[in-house]
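Note that chain A is present in both complexes that follow, paired respectively with chain B and with chain C.
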Partner chain A sequence: MQRSIEIDSPLPVSPGNPARPTLAAKVAGYPAVLSGLVTLRSFAVFIAIWWAAAAWTHSPLQLPTPLSVLTALKSLAIDGEMLDNALTSFTRLAISMGIAVVVAVPLGFLMGLSERANAYIDPMVEVLRPISGIAWIPLALFIFGVGDVLPVFIMTYVACFPLLLNTIAGVRGTDRRLLAAARTMGVPQSRIVRHVVMPGALPTIMVGLRLAFAGAWSAIIAAELIGSPSGLGFAIEWYRQLLMSPKVFAYIIAIGAVGYSCDVALQALQRTLTPWARGTELA
Partner chain B sequence: MSDTMTRPKLRLDHVTKEFAAPRTGLRTVAVSDVSLEIQAGDFVCIVGPSGCGKTTVMNMIAGLDKPSSGTIEIDGAPITGPGADRGVMFQDYALFPWLTVRDNIGFGLRNGTPGRGMAANDVEERISKHIELVRLGGAETKYPHQISGGMRQRVALARLLANGPDVLLMDEPLGALDAQTRLILQAELLRIWGETAPREERKTAVFITHDIAEAVFLSDSVVVMSSHPGRIRAVLPIDLPRPRDEHVRAHPRFAQLSEEIWELIRDEAYRAIA
Partner chain C sequence: MSATLALSSAGRRTPDMLRAIALPITLLVAWQLWAMTLPDDTRAPSPASVVAAFVRLCASGNLPISLAQSFGRVLVGFAIGLVLGVSLGTLMGASRAVRRNIEPIIESFRPIAPMAVLPIAILWFGTGTPAGLSIVGYAAFFPMLLSTAQGVSRTDRNLVQAARTMGVSRFRILAKVIVPAALPSILLGARLGMGVAWTAIIAAELAVGAKSGGGSSGGIGQMMFIFYSYSIDMNGIVVCMIVVGVVALFIDRLFRIAERHLIPWRQ
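On to the complex of A and B.
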């Protein structure tokens, strides 16, 4: 339980990702152009290292050159194959996240608000939580077979835990003073849940959503690798069997790109849904 | 005279409040053996050094905390929990960070008992009136983190007043304001409390402050508390004429009463900074 609260930092600024403006950059009014250049530079360094490594190993199967990967990327993009696979995977992701939100958020409210409900459900959650989603793939293959259901099932499973734990933490973390204030205004319990606990928990739930998404997106590849005849994970496995490394790499890049874009979108959603939860620390 | 005329609005009878630290079990006596009667229509100020238990007393009257021993009654009935008849303005404001200034002020009217039975546009009108009252017209759509500390305090005050409770419990409600705004709002507060109305139409106000002149200007009586443990040191009736305006500050009695209160808390005030 503790751990899910610790992750509750509104905007992680990782040193390896200069695309996001650092605090110092914001304070100094760092021009956007300059920060764009920094991003470009770190990309250039990365590609240079990759190129050097590819030249040194000289084994196109293990490490294709950036140029061959770019060519593969281009051809996959032009014939639409990559878009098809990305859309397939993304649709599965969206469905799983939807199910996870519908299941985990209300459950989290129930567990956060009611000690009794928590006492019933929490042991089950604690037993299941350490079991990786991937561990269920073989069993899921027997039950669902190869197809759409298996990756959706695995992703939903993976996404539920961070969402559930963060919802519980958010509900329990509701500012007691605000609850007290609402009670002194004669606000009934149901309205307190709707108008105080829900918005109070929302920033933490949004962090859970991002964690859930990151987990689910990592799991989809494994699930599709084994249990699906389509999607980005399946494509990687397909081209691996054909020994076409540049295409394997191209799909790896696609996975990264989709994942990154989704996280950017989620961050934007976070900012619009909880505008009060940022930039307040220094106020 | 009927019973309701003599019965106090609020009655604290030998109230003691102890807090036990969660792990160590160490006990702090926040308030010790406090007895106090507040009549309906009274404006009572509580002054005393930091940590003497002013907020604790207010929380117990609000029903947010239970006394460890002793009883608190409102209209002769023991207080069992919070209710919209006793509105609270918290020392740290307790504004909802996700609501704009306007929505904060309207929270009780829209969601709680105060707005029950009111038509939606009456509610909105009442909110607007109180936004104007605390002079926050330009900041209506801002969020609490986007406004200054003094503005936040005015939002909290407007929220309390908009709810129109019978008993006003205010914890240093004007402490963060500049001197001029403060004087203006003191006068407004007296008006809203019902200074010009006949006594039975006035609200009952409990007002915590560190400002002696403010206490004298506003109150019918000033409760002076002392700390370690929190006790009532004295209750001074303020016999200045009402309605009060700026001239009352020049009244010789005003200076005399201020001096008396200062005498009562001087030792402790000096000890606190020594």
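On to the complex of A and C.
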């Protein structure tokens, strides 16, 4: 089933991401403090290189110094503009993830449980899946115009596929013995779905959710950059046209920060909802 | 994996093929019928006019040229991402010290979508091919790097130690032990990376077209943008979308076939 899951994800939060640094540090017997210091040193070196490059090229338009980016970041944060744009993008993201979950998860259960539904619907999914969300932007611009609906549509489209495919995989991967046991004990079908299939599929669905988020987050930038008058993606392009490079860089940092914190939040959700699947969720 | 719960009685009355095409065909027919109810001068696309647009675009040579442009950019950009990703990934996978030092930087760049760096690419390289290449390279770099690092770090230690005991040189260990062991991961990364790269080039061309008033970038993405903003040709846009999908499918299948041939021991 792996094949279906990976294709469109720009950040493969996939079957075995390399171990997190903290984990690697633990394995190596390194105390967390030391690993934190190493991280700090890496960033220091990175910023030093950036600074040196900026000083060397001496072209603040193309490569502003870290200090000017920090100043821009501060002023954007203080006057609330960055927060506004981040909230706009985040709201769109949340709405589309909500729609995608409501559409894709039940459909995934249907397709995973019923061979016949799968035979009818799966070909349609396979026809649509290779068409990336980005490719829908021009057509969606015609249909929805420039505004809020376009990014939400694009993100929902992008998020649906990993969710759907992971739900199907999760439902099908339910332990056969558990099913047989429940059936032997005369548990009705609806309760089997509720109490056996659902918990069994949840870890895979959660992975699908993270993949869906990764895809959607990458698509929202494109959608906002091209067809929206607000949001983080719009802001970076806006400041590029004004040739205010430090603000462009500041917004790029903001995009990374929001994306990163959402993924951390999803991981936390994953741990809370499926504590039993820790570490084995992708085995 | 193919086991299903078979809640519904498995009806085998309808042949598989017919079931597979039932929904797509129904939707196509519904779309065509809907389009026929519209006035004649409508700009709304219909299956028949999409086919006509496809023939027209192929005959004029616009579509093949744009496709070649986009695909060429993907290949070059992907090659850049591949070389950087595989070399750095091998270092990261082989040495824990390198990994510990580089990983924080990599992890902080990873949530920055390729499209977000497009404005910088335009500032640095203008609106031409180099900007597209850098976006594609950036997009393909991360899956390549992560898969390679993972594959290399999961190499069987016993094999490496055995080779070392027998006095095999470091370079030969890399070429004969580590690379073959990591190959499945590297190929998986390449497939993912190529898929992302193809999406990224369309996005980049589209955005360059949209943000530089047409520009001179060329490619499928820009073609879509021109259909959107100048010629208002929705049929052309749908043709481009289908082409984008078919190419993505083609790339995916190609890599799967390559995987089957290059790593026959991993079926």
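The criterion applied here is as follows: the second predicted complex is superposed on the first by the 247 of 283 C-alpha atoms of A that agree within 3 Å, B and C clash if a C-alpha of one lies under 4 Å from a C-alpha of the other, contacts with A are read in each partner's own complex, and residues count from 1 in each chain.
Note that in this section a contact is a pair of C-beta atoms (placed from the backbone, for glycine too) under 8 Å apart; a residue touches a chain by one contact, two chains touch by 3 or more.
Here the structure is a predicted model, which means the values were calculated and not measured.
For the composite obtained by superposing both complexes on chain A, the positions of chain B and chain C are free of clash and fit together.
Of the two partner chains placed by superposition, only chain B is touched by A:R177; chain C is not. Once the two complexes are overlaid on the shared chain, A:H58 sits clear of chain B and of chain C alike. Within the superposed three-chain model, A:P275 lies in touch with chain B and out of touch with chain C [touch as defined at top]. Put chain B and chain C next to each other and count what each touches on chain A; the higher total goes to C. Using the contact criterion defined above for the overlaid structures, shared-chain residue A:H195 touches chain B, although it does not reach chain C.
In the superposed pair of complexes, A:I137 makes contact with chain C only, with no contact to chain B.
Vertex at chain A: the C-alpha centres of chain B and chain C lie 100° apart in angle, rounded to steps of 10.
Shared-chain residue A:L225: touches chain C; no touch with chain B. Shared-chain residue A:M185: touches chain B; no touch with chain C. Minimum Cα-Cα distance between chain B and chain C in the superposed model: 12 Å. In the superposition on the C-alpha atoms of chain A, no part of chain A is touched by chain B in one complex and by chain C in the other. On chain C, the positions that touch chain A within their shared complex are 1-8, 10-11, 16, 19-24, 27, 43, 92-93, 96, 99-105, 107-120, 122-124, 139, 142-143, 146-147, 149-150, 153-154, 188, 191-192, 195-196, 198-199, 202-203, 206-207, 210-211, 224-225, 227-228, 234, 237-238, 240-242, 244-246, 248-249, 252, 256.
Only residues 175, 177-178, 180-187, 191, 195-196, 199-200, 202, 274-277, 279-280, 283 of chain A touch chain B when the two sit together in their complex.
Looking at the complex, you find that chain A touches chain C at residues 1, 3, 6-12, 14, 16-18, 21, 24-25, 28, 35, 38-39, 41-43, 45-46, 61-62, 112-124, 127-128, 130-132, 134-139, 141-142, 169, 171-174, 176, 179, 189, 197, 217-219, 221-222, 225-227, 232-233, 236-237, 239-241, 245, 248-249, 251-252, 255-257, 259-260, 263. Interface of chain B with chain A (complex): residues 62-64, 81-84, 86-88, 90, 92, 94, 96-98, 107-108, 111-114, 143-145, 163.
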